[in-house]
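What follows is a set of structures for review.
Two complexes are shown next, each including chain A; its partner changes from chain B in the first to chain C in the second.
For the complex of A and B:
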């Protein structure tokens, strides 16, 4: 009999536990850095009050209102710390005030599953780039289409040398943490080398001190590499101002006063792009621009002789250096484009035939 | 070693930053913030280099009386005035060497630095920005000159979009029956902006993103070295 009673109470206890879990339960937010918990409830009430115990054990209301949606995400928590929650509501039929408590602990995850598609895509593109680099190493030759904006560099340097005028190079208005600025500096390296070879003059006004420091080193190295260290002038790369329109005013002044034979606007540009390009156009200089800012490209296309559009900016270093390894990586970009096109077409087909999981996978849902 | 050390740093930082984007667990989720803080510290020191460069290049130009040397002098004087005023009376809530300068504030209505910022710097900056309107007009004029099939297409599209964005455009096509509402200029304009324009912009953005992946990989693996000053 005692055993039966024991089993009976055990069953009751388990049922109560399950019943409690069905009413008020917490889930760790998936794929996060352990800073959020999802609190769920399933009660028949018009409104509820959700409380959290503070460090002193006092209940603090964190949500009070409509029963639906029966879920609340508590964020800004500390990982691996236990939190106490209490759900309070009034039973609509009996008028009893009921309350349920629970304890939960947010956990840091080792992988963000929402970014699985992105990781796979990056891995595939990276592997393709590595494959093509290896193929080049094995001696395979790839065709690279002409990029007229980069071919114009020789023309610009030649013209500047003939006219005895300087070349203006603007590396954009973003700092070194922007990939466009890095790409711009690699182009500057090649341009400075040509300028040194032709004994021409280069002007590089910079908006940010970090960019100026890097540009100075790059130009100096290029002159050294060209065997003309004495031709390098330290004041050819200089800082103007951190202010966007002050920088534009300064460059416009240089263009009007110095009348450079060629202007290069390569890097990240915003509202100042057209002011720079139009002023340069009015001075009659050969202008080459390059940016990945889609909104600024039309301005450059209209006002400049040559424009590097989007990825051409990032391909410039490989294209100019003609380094087989770098050229191989360009083929990897092309594979990436093919992959994107294929995925978009497959996505459209999947949506038409009702396979919404395909889109959801890439959206990271 | 001088060449290899930056390459090793670039490799480690590149891998860590990429990994931390996918791993929300400590210490990876804290690394991006840490690296960004380091970057800000370096930027703080680099600002001084910028100021030194500004002084050196301007003084050189003034000393050698290069063309338009008085502009460089005006730039230097402006810099020094703002620096001194900022140091003496501070800016907004921050006090300077002479405190908040309440007497000066009573006279000017604000701190001297803020007064010049509001009444000299901001109007000058707005003036430069306003030039954009004129440059847009001149650039648009050149773009819309009919020289080829493409520029013709561009001009027609531009006219539809410009008219569609004005009440005049709506009025022009108000007689078109509701069943053909797609041909109303505002709707046509919205269609052009929403579909062909967005598609073209996204194509550029996707290709640029691929370019960034490729460039990053080249830098992480040390294939691309010209950003260090030399590719050898």
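For the complex of A and C:
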């Protein structure tokens, strides 16, 4: 009897499972934050109506139209909340109006597997960075090629000292949440150290208060490291205005009146890049610019003596300091670049031979 | 009164436009005056804007209307207050904490964001079958895209001396970069010319009524 009962329940379970699932079923959207369900159906009809029960239990149509594709993604749902759906259609042969209901609830996933390539890439590059940092610390010497834009720093400071004129440093117009500004501030640290050594004068106008505060700290620390804390002038780093073109107008005025011997435009720049670089050029200053803004680089290339293009800006800190930590990091980045080149070549080959999954993996599809 | 104010505004705009344009000749008192007014006005404007558009709705109003519900806002408020302590030399060191938090969080957030948008998206966009295009020029274009991207990335490879064979992709890379800079330069100059046209239109249309 027990066996019979067990078989009966198994039959019921299988019928429910397969019968219902074959016609109208719901799947949780994989790798999401539990806010969507995929509703699927398999019916012989020209058009269907898909409804969802609202909070009062009333059916609200969420999709009405062609049978194909036999799938609909209901998004903007709440995780772990049960939702009821109803599929309605008219049988093409009998003309009967049929309806199926189901209940489903979306679930949050711990991992978004669409971003697996991102995780792997970051992990591999991070491990490479750690490996190279340890290798540099063990005393291994790595080669770094010349970056002429950074070699100009000494020339600029020397020239400013000879002429008795200041050096203007513009850290860009973005806030500290921009990596270019952070890279710019590390370069400022090295420049300020050199300026302190040569007893030259530095002018750092800032657009944003946070950048000004960070720049002040950095310049002050550089003077301390150089053993000349008394030479540090608090007003050498100052705030101008938050307005983009107000800031540019102010810097133009400084360039024309103070006549700096060297101008550094390093950081994130937008429409103001040419105005700054052209004015600096007209004053005869030696100019070094650096940005990762692809649209502004052309202006700096044509109007500055040296330009740090994109990645060179981020490599500057390691290049200038030769600090093991930063040098290892730079080597790790270089490993990342080789990885990118290899991945692209493999991806192109995979596309040619029809292995589209390789590209899809990196697209996160 | 409204008519007088708008006329005054129009003449002031004309005056400041010419004052700024006068810098094209050389630095002069009119430019200095405009520059100082512009810098001062904009600084004051952004201070007021930041207070009333950011601090008021996002901090003060929320805390005063529902303190318990928005108690987490005390963290950014405290960090902001620590920044203000820069005013006094003895308490300046407090500001290092909010600066460190901002730089640290920015680096962490941006690492993931840019790896996705600036790296993996670009890498996958370059993974194309160059022969899949319909025309010969499109096939050549596909090859240029792949070679240009690879050589462009290789140009920024700092760990190897660029001599002999290894200098070839690097040199190709800088050529690709410079050509793209040239195209970008021309495109942006066109946009700047449209800005100049906008200003000239203001002078000739709104002020002098020469054009309609």
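We adopt the following convention: the second predicted complex is superposed on the first by the 348 of 365 C-alpha atoms of A that agree within 3 Å, B and C clash if a C-alpha of one lies under 4 Å from a C-alpha of the other, contacts with A are read in each partner's own complex, and residues count from 1 in each chain.
We adopt the following convention: contacts are C-beta pairs under 8 Å (C-beta built on N, C-alpha and C of every residue); 3 or more make two chains touch, one makes a residue touch a chain.
All figures in this text were calculated on a predicted structure; none of them were measured in a lab.
Of the two partner chains placed by superposition, only chain B is touched by A:235; chain C is not. With both structures placed on the common chain, the touch criterion links A:135 to neither chain B nor chain C.
Look at A:309: by the touch rule set out above, it reaches both chain B and chain C. Contacts of A:53 after superposition: neither chain B nor chain C is touched. Of the two partner chains placed around the shared chain by superposition, chain C is the only one that A:145 touches, whereas chain B remains out of contact. Contact with chain C, but none with chain B, is seen for A:363 once the two complexes are overlaid on the shared chain. Contacts of A:110 after superposition: chain B is touched, whereas chain C is not reached. Between chain B and chain C, the partner in contact with more residues of chain A is B. In the overlay built on the shared chain, the residue A:351 is in contact with chain C alone; chain B does not reach it. Once the two complexes are laid over each other on the shared chain, residue contacts for A:343 go to chain C alone; chain B is not touched.
Shared interface residues of chain A, touching chain B in one complex and chain C in the other, are 115, 118, 122, 177, 179, 182, 209-210, 213-214, 217, 239-243, 245-246, 249, 253, 257, 271, 274, 294-295, 297, 299, 302, 309-312, 315, 330, 337, 340.
Of all the residues in chain C, the ones that touch chain A in their complex are 20, 23, 27, 31-32, 34-36, 38-43, 45-47, 50, 83, 86, 95-96, 98-99, 102-103, 106-107, 109-112, 114-116, 119-121, 123-124, 126-132, 146, 149-150, 153-154, 156-162, 177-178, 180-182, 184-185, 188, 192. Residues of chain A touching chain C in their complex: 115, 117-118, 121-122, 142-145, 147, 176-179, 182, 209-210, 213-214, 216-217, 239-243, 245-247, 249-250, 252-253, 256-257, 271, 274, 294-295, 297-299, 301-302, 309-312, 315, 319, 330-331, 334, 337-338, 340-341, 343-345, 347-348, 350-352, 358-359, 362-364. Touching chain A in their complex are the following residues of chain B: 18, 21-26, 29, 39, 42-43, 46-51, 53-54, 56-57, 60, 67-68, 71, 121, 124-125, 128-129, 131-132, 135-136, 138-140, 142-143, 201, 204-208, 210-219, 223-224, 226-232.
Contact residues of chain A toward chain B in the complex are 31-34, 79, 108-112, 115, 118-119, 122, 125-126, 129-130, 133, 175, 177, 179, 182-183, 185-186, 189-190, 206, 208-210, 212-214, 217-218, 220-222, 224-225, 235, 238-246, 248-249, 253, 257-258, 271, 274-275, 277-278, 292, 294-295, 297, 299, 302-303, 309-315, 317-318, 321, 323, 325-326, 329-330, 332-333, 336-337, 340.
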